[in-house]
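Next come the structures, one after another.
You will see two complexes here that share subunit A, one where it goes with subunit B and one where it goes with subunit C.
Here is the complex of A and B:
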């Protein structure tokens, strides 16, 4: 009789083990997903192929800049979030092609295509070792997506088994400026 | 419950099967990974061959010789523009035409700069290059030259000022890997 119970117990254990493995085994996408490197503003974070330091976050309701010889002004129903940052390639030339503003609610915003041609945009030129670039990531986000956001920087939008730098941005940001002129911005 | 009687023949087969199992698993893994391992081997730069100044070396179906590496200009923010010229004699057109070409400048600390587009004004200031169209490495490979063809290849680089004399050209081609070439530069 005890033998029957032992076999039944083993069967139940095996079923539980299999169900557990089925439910909690990470997916292929999770196993080969980005490798997060977390930090804060002002901290230099060095990943596999580049280093980045986020310095400052500025908010604006309007942006003014010169693009392709023309004066351009952009307004928004939300807010423009500007991150002044420094990027450097190491140990080899590399394109850092992805900057994402992730809100506290988890919504992801890619860098705004509405500011193309603006001066000192990061992510547009290839990075070279020993030649750090200091410039801007610019996002257009709803006002509720500003507080407690995270800046994600990676070589591609969906990095596989590669560094994704995650910089925690201020939980209580400043009030947006009515207008920021990118030509007059102090980057240093 | 009664114990089953196992014949000696069956026991031998069972024992043999157990010994064969790890071999079969290892063989399966090898067959499964063979392609991936080969891909990995052919994509890595594992063995550098030093090429002395003034010498030519074979790689990827051609003979490669460093023709010149010089600083040709400056850009703002302490950036120097350098121009690399290579002379190539094609020996095996099929191997030579396999893209991509990886021609970089390497510093002693391992940092590497990839070629960059130079503005015509940066290149045309050199008298011997006016009205000349010299292909880049990728353009030369893509042009699929015949065996025996002699080519001049040129690449531009932007790197920190002061690296002149410290960087060496490194060439890696799909048909040559895991071997690659590192060219010595004249003092």
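Here is the complex of A and C:
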């Protein structure tokens, strides 16, 4: 009788073990995914190939800037979120091609292509070591995606086994400004 | 002697039976498949202009289709007097990531003669080309097809909307994504004639 129980117990144990392994084995995408480097605004975070410091978050309902010799004004159904940041290549020249605004719910907003040609956009030019760039990441997000977001900076949109800087952004942001003129923005 | 011969016979018969049953099963499956393929394709649900549709990754609302001489919204007429087919639609990204695969969401079927493939998507808010849609921010978009000069303008346009399904883990990398594009609805829109020149 006890032999039957022992066999049954072994079976149940084996099933539990297998289900657990199936559930909790990290997937290939997770194993070879980005290597997070977490920090806050104002901290300089140094990854494998670049360092970044987020300084300030600004919100605006409208943006105005000069692109290719023309005045451009952009409005949005949500809100424009601007992050003033400082980027530096280290130790070699690099393109930091990806900036993502990840909302508290986990939705990923890639930097807006609607502001192409705006002055001092980060992530468009190549970075050189020893020549830090100060500029802007501009995102277009719904209002409910603003609070408690994270800024993700990496060399590509889906970094594989490479640094992804994750900067925690303010949980309680300011009221959006009605209009921000990028030409008059104080970066320092 | 006889016993072993009988056993051998039994084995031979059973293996032949197994092979035969397997072959028959394979035959049945393939003929069933070809029968299913030969059947009429299922009728797609009709999508009316102005009605919202959830096509997996996108939520779209089709509006009016019209002929126009403008190659872009609020632009000047094209210099060679070419004609364009413009369609207004509302589109929202329902996924959790910025995306630009909206170009594959609409197909003209049956194809219209003289209508050039690969339409341009214009963001009406900016009057500029649409390069990506942010999740949760619906936009009014104009799709513009170019008509080959001299081609007869269509009176009606049948569009097929392609939907995709979300998989939390794909088969290759176990990463989440949108897969299996499939037609989910068909819309027949009347094409209104070109507006009179002001």
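Operating definition for what follows: the second predicted complex is superposed on the first by the 172 of 188 C-alpha atoms of A that agree within 3 Å, B and C clash if a C-alpha of one lies under 4 Å from a C-alpha of the other, contacts with A are read in each partner's own complex, and residues count from 1 in each chain.
Throughout what follows, a contact is a pair of C-beta atoms (placed from the backbone, for glycine too) under 8 Å apart; a residue touches a chain by one contact, two chains touch by 3 or more.
Since this is a predicted model, take the numbers as computed values, not measurements.
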Partner chain(s) touched by A:107 [first = subunit B, second = subunit C, both, neither]: second
Touched partner set for A:93, first subunit B, second subunit C, both or neither: first
Touching partner for A:137 - first (subunit B), second (subunit C), both, neither: neither
First (subunit B), second (subunit C), both or neither touched by A:80: neither
Touched partner set for A:129, first subunit B, second subunit C, both or neither: first
Which superposed partner A:145 touches (first subunit B, second subunit C, both, neither): second
Residues of subunit A touched, compared between subunit B and subunit C (which is higher): C
Contact footprint of subunit A on subunit B as seen in their complex: 1, 77, 79, 104, 107, 109-114, 116, 158-160, 163
Partner subunit C, residues of subunit A touching it in the complex: 27-30, 74-78, 106-110, 112-114, 140-142, 144-145
Subunit B partner contacts - residues on subunit A that touch it in the complex: 3, 90-93, 126, 128-131
Of subunit C, residues touching subunit A in the complex: 96-98, 123, 125-126, 128, 131-132, 134-139, 169, 173-175
